[in-house]
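Two complexes are shown next, each including subunit A; its partner changes from subunit B in the first to subunit C in the second.
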Partner chain A sequence: MRERIASGFDPFVLPFLVGMAFVLLYCFFGALRVLWQLPREDRRRFLLSLFIPATAWKNVKDIFLNCLLHVKLWKRNPVLGYMHSSIAFGWFMLIVLGHLEVYLFVPSRLHLFYYPIFFNYFVAGADMSLQGAFLFFLMDLFLLVVLSGITLAIIKRIRSDIFGMRRTTRASLVDTVGMYALWSIFPLRLLAEGFTAGISGGSFLIKPLNWLLEVVFGTEFLQNGANMLPTWWAYSIALFVFMVVLPFSRYMHIPAEMMLIPMRNAGLRIRHPRRGFALMEVYSCPGCGVCIDACPMSVKKGNLKDCTVYLNRQIRRGNEKRIEEISDKCLLCGKCTEVCQVGVEGPALRIAQRSRKEYGLSPDYAAVDVGRLSAAVADSPEVLYFAGCMTQLTPSISRSVCSVLDKAGVKYRWMDRTEGLCCGRPMLQAGRFAQAKEMVRRNTAIIKSSGAKVLLLSCPICYKMFKEHYKLEGIEVVHHSVYFDRLRTTGKITLTKGDLCYAYHDPCELGRGCKVYDEPRNLVGTAAYIVEAGVSREASICCGGSLGSISLSFEAREAMTRNALDNLCKGHPDAIATACPLCLSTFSRYSEIPVRDIAEVVDASCQG
Partner chain B sequence: MKESVVIIGGGIAGMETAASLLELGYSPILVEQSDHLGGHVASWYRLFPDMTPASEVVASLKSRLDGVTVFLETGIQFINRLRDGYNVMLSNGVSIVAKAVVMATGFKLFEAAKKEEYGYGIYDRVITNRDLEKWFSGIPDERIPSAPWNIGFVHCVGSRDVKAGNTQCSKVCCMTAIKQAIEMKEKFPDAEVYCFYMDLRLFGKKYEDFYISAQKDYGIHFLRGRVSEVSETIDGRLLVKAEDTLSGRPVKINMDLLVLMSGMLCNPAAASIASMVKAGADDSGFLRSRDNVTGVVESERKGLFFAGACTGAKTVPETIAEARSAALSVHNYLRRPR
Partner chain C sequence: MDFGFGLSPSSAVTLDRVDLSLYRKLEELNPDIRTCIACGSCSATCMAAEYSGMSVRKLILNIQRGADVSKMLSCCMLCGKCTMVCPRGINTRKVILDCCRYFK
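Right after this comes the complex of A and B.
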């Protein structure tokens, strides 16, 4: 092994160096900016977390598994998983092995940034030793891996449906330039190394290519060092283009996610729609577009540009009008977050955006008489039942809940039978945190004064609110599906199996929102037969009735509801069971088969 | 030989069309799905504004049908368009070729149970306008208490309500509610009667007099505001929550009976029959007239005519007038040389 270029430099490395310097500086200042924007306590928390060994280890592990190996994506779609990890991990290995080569063979050049990248150009006969041959073999292997990923990427651009994606993002101009640059880097590297392989040596990939080139161009042509330069220039320029457009394209997710993961592990949350942690999420969006297919609003090609990937894009562009439109429209069903590989919290971003709105009028809750409402629940037995507004509008549910409680011999008090206060979630979803807080404060006082030990809820919207935003020490917050399943397993109620076959619909707030999937299914499975919908559980489709959207018209929701119903009816059930009053009334409007709440199903087959 | 005309639907519109065509010298064939003529009106008690017994109206229409071929309990299997007319296949196997067909398929009452927040079918004391008419005509209904204190009427149930899937005004319910409120007050003079309305549409002759009399002579309370929800109290009464938008306050009233004024939707059978001959329907579901000003009883298809509530909500006198108009249009159409 010897160095071929005594100076260890050639002008063709300059584009690469400029690009590299640019991208590093950009990311460095970008990271500083994000840190600066964090609220002080968040910043402290984040910086401290980096020094906690357990968190630090988790950071390294998460970055390795998610950014390089794309484990989550593998689980979801193995072909896409392979495509992404082959490019990311393959490229990573090429860089690592490049450094190893320099370290082993020319340690004096280790301080040169470009040396590991263009190693083959600068050396001759590097494959002459066993060590060198092995490293060259690995280099060729990983180059092949990356090339296979690039091939898949090209196929995906042309026929995304082969990969199970019906719709993908419409690439912006910068994204397209970045994409072509990325695609060309590795074939150009292959070509460049192929030209040089006769001198530098190579393995199973570039050596045969070299022979092939020899056949085409002739031995003399290849032995002239000047003739191989154009390919190395092209390779370097491709790298330059990619790195220069990177900060402005979706490829920014590569560096951004590496910072997002430690921030998330430190427990940071979105507090402002455009600053700090939110910005990190926005930049971490790879723009893959899986959220487009996942979005319940995208049915019948509607609202395609209102899903999270476009919100992120508009936030980066600063298009205020569209940002507001997209933020207001969303149903907040959380499915985009569920399918997102990076875990961009679309709903949280939107709620944060909504919180910036200014209102001329704000409701005043001063007139709410907490004393009188508290008196109505004073000396309550163990269970306090809060039906919530939505259940008040679907009396069949509250009636069944009370009937089941009576049959089980549970003593309870109905907190909002004649009057009550909203749980606050609609205000929270509208971004009106102060108003939501007011209601939380009053409800907390009422509930605490009751002396109850269990707060039973029929509406998953309230349930999520009470679970996450109330501090009710010593009081268990439970949804009736979970509570009834407990009554069943403890033998307080016995269910007889009926003849009907139900499809169970996971309400967004109960399923993705509170991770309750099994208890309702246990109940339906005991009281009747159950058939799974086309997609269910985490992938469940929002009924379209969600309170989350503040601008979707009633008519616009019909297609979404019908689409969700089609999915539920895939297994030809006799009826639909759900556990949310809002889903119930939304589905009932268009369903051709009966829709029942889980409480009704239980009540119908229950003996005390 | 007399020219045959097929009339689909034996309610008041179909009966009047058949009677008028008979008088004009045609041979009408009246097809009715149920086992009796008279449609919805046959189950009603009295008609506003003169409190005419509904049975008298139906009986007088029936008396003019001597000579009309009537098929009861008969549906439409299919209709084919021919070059000059229609081939109508009935469910009893009879096939009729006629140059003109009149659709008098009427309306369907909105299913009040779909507005679950009002508790129809869940609470014992919630009924609809139709249930009340039946009870007036003497059919017992155990949901109606013997001595109610408070009675409520909820206007616009399934009308002018985008969430219920019907944005149309059903036109007759305002007046029906006032009529029924007065009738209830007559039956239960000690009861307080409340009407919850969005706005009152009292467009017809004598309607306004009725409204003023309801307030002045009967002391019926009119509250402007929609009912938000209804719940049941421990003693089995109803707690109605609404907003009084005139005083700007929420109200809560205990009721012993709540009457839901269910609105009118197009009879779903009408759409399927119309689609066989490629006649369209409006977004509201009601059948589409050739022209809403000058051609309400004509369809976009030659030889196909409409009468009554199949094109939109209508009162009884309007339906009858339209049926006569349809008969005359058929007559003019058949007389025209082709």
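Right after this comes the complex of A and C.
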């Protein structure tokens, strides 16, 4: 092995060097900016977390598994998983092995940034030793792996349906430029190394290519070093273009995710819609468009541009009008976050956006008489039942809940039977945090004065709110589906199996929101027969009635509800069971088969 | 005409003198408020009615007449019951939020 170029330099490396310097500087200052934007305690928490061994190890592991191997994507879609990990991990290995080559053969050049990338151009006969031949074999192997990934990417661009994606994002101009640059990097590398393989040596991929080129161009042409330069220039320029457009294209997710993972592991969350952690999530969005198919609003090709991927794009562009439109429309069902490989929190981003609105008038709830409401629940027995606003519109639920409690011999007090306050979640989802906090404060005072030990809720919206935003020390917050399942297992109620067959609908706030999936199914399974819907549990489709959306009209929601109903009726059930009063009333409007709350199902088959 | 002898304040509305800018804005953003039939379903279900006399029916009417709505809105909790019961499918929550937003 010897070095072919004595100076170890050729002008073609310059585009690569400029591009590399640009992208490194951009990411460095970008990271500093995000750090500076974080609130002081968040910044401290993040920086400290980097030095906690357990967290640091988790960071390294998560970055390796998610950014390079794309394990999450493999689990969801193996073909897409292979496509992404072959490019990411293959490229990573090419860089690592390039450095290893330089370290083993020309350690004096290790300080040169470009040497590992363009190693083949600068050396001759590197495959003469066993070590060299083995490294060249590995290089060719990983180049082949990357090329296979690129081939899949090209096929996916033309026929995304083969990969199980019905719809993908419309690429913006800069994304397209970045994509073509990325696609061309590796074929150009193959070509450049193929031209040089006769001199530098090569393995199973570039050596045969060299023979082929020899047939086409003649041996003399290939012996002349100047003739191989155009391909090396092209390879270097492709790298340059990719790295220059990277910060402005979706490929920014590659460096951004490496910072997002440690931040998430440090326990940071979105506090401002455009700064710090939120910015990190926005830039980490790879623009894959998985959220488009997942979004319940996208039925019948409607609202396609209102999914999280487009929100992220508009936030990056600073298109205020569209940001507000997209933020206000969303149902906040959380399905986009569930399917997102990076874990971009679409609903949290939108709520943060909503919170930036200014209002000329703000409710203060000064007229609410907390004393009177507290007196009404004073000396309550162990269980305090909070039906919630939506349950008051579906009295069949509260009637069944009370009936089951009576049959089980549970003493309870109904907190909002005649009057009461909202839990505050709709206000919170509208981004009016101060108002929501006022409601939380008042409800907390009332509940604490009651002396109850269990707060029983019928509405998953309230349940999530009480669980996450109330500080009710010593009081257990429980949804009726969980509570009834407990009554069943402890033998307080006995259920007889009926002959109806139910499909159970997972309400967004109970399922994805609070991870309650099994208790309602246990209850339905004991009281009747159960059949799963087309998609369910984490993938459950929002009923379309969600209070999360501010601007969706009544008419626009119909298609979403019908789509969710079609999904539920896939297994031909006799009736639909759900655990949310809002889902119940939304489905009842259009359903051809009866819709029942879990409490009604339990009550109908329950003996005390 | 108010001669100052009445026991209760005059409830006369002079539409010529009323500032309708808020109503115009609301109408522009929520054209469906024109379809309100004043059935009062929203008033009947309202959680805040007990505390501040809130009612979307009255809210729309008062804004059309240029009367003050700040008191009734002071206890609205945005719970969405009015939206659920509205027979005309009016997005009352958005009407309320827009009203708070452009209130001067």
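As a convention for this text, the second predicted complex is superposed on the first by the 608 of 608 C-alpha atoms of A that agree within 3 Å, B and C clash if a C-alpha of one lies under 4 Å from a C-alpha of the other, contacts with A are read in each partner's own complex, and residues count from 1 in each chain.
Here is the rule we go by: a contact is a pair of C-beta atoms (placed from the backbone, for glycine too) under 8 Å apart; a residue touches a chain by one contact, two chains touch by 3 or more.
Keep in mind the model is a prediction, meaning the values are calculated, not measured.
Novice: Is this a clash or a fit when subunit B and subunit C both end up on subunit A?
Specialist: clash
Novice: Could you say whether A:Ser148 touches subunit B, subunit C, both of them, or neither, answering first, second, both or neither?
Specialist: A:Ser148 contacts neither subunit B nor subunit C.
Novice: Applying the document's definition of touch, where does A:Ala430 land relative to subunit B and subunit C: first, second, both, or neither?
Specialist: Only subunit C is touched by A:Ala430; subunit B is not.
Novice: As a test of reading the superposition: which chain, subunit B or subunit C, is in touch with more residues of subunit A?
Specialist: Counted on subunit A, the partner with more touching residues turns out to be C.
Novice: Check the residue A:Leu393 against both partner chains and state whether it touches subunit B (first), subunit C (second), both, or neither.
Specialist: In the superposed model, A:Leu393 contacts both subunit B and subunit C.
Novice: Quick check for you: in the superposed arrangement, does A:Arg417 touch first (subunit B), second (subunit C), both or neither?
Specialist: Only subunit B is touched by A:Arg417; subunit C is not.
Novice: Just subunit B (first), just subunit C (second), both, or neither: which does A:Ser362 touch?
Specialist: In the superposed model, A:Ser362 contacts subunit C only, not subunit B.
Novice: For A:Phe554, is the partner it touches subunit B (first), subunit C (second), both, or none of the two (neither)?
Specialist: Both subunit B and subunit C are touched by A:Phe554.
Novice: So in the superposed three-chain picture, is A:Ser588 touching just subunit B, just subunit C, both, or none of them (first/second/both/neither)?
Specialist: First partner only, subunit B.
Novice: For A:Gln131, select first, second, both or neither according to whether it touches subunit B, subunit C, the two together, or no partner.
Specialist: neither
Novice: With the two structures fitted on A, what stretch of subunit B runs into subunit C, 205-213, 223-231, 259-267 or 313-321?
Specialist: 223-231
Novice: Considering each complex separately, which residues of subunit A are in contact with subunit B in the first and with subunit C in the second?
Specialist: Common to the two interfaces on subunit A: residues 392-393, 419, 554-555, 585.
Novice: Which residues of subunit B touch subunit A once you look at their complex with the stated criterion?
Specialist: Listed in rising order, the residues of subunit B that touch subunit A are 114, 116-117, 119, 122-123, 162-163, 165, 229-233, 239, 252.
Novice: Which residues, counting only subunit C, touch subunit A once they are in their complex?
Specialist: 32, 45, 47, 50-52, 70, 73-81, 83-86, 89-91, 93-94, 97, 99-104
Novice: Applying the document's contact rule, which stretches of subunit A touch subunit B when the two form their complex?
Specialist: 392-396, 399, 417-419, 554-555, 585, 588-589
Novice: Can you name the residues of subunit A that touch subunit C in the complex?
Specialist: Spelled out, the residues of subunit A in touch with subunit C are 357-369, 389-390, 392-393, 419-422, 424, 426-427, 430, 432, 435, 439, 545, 547, 550-555, 582, 585.
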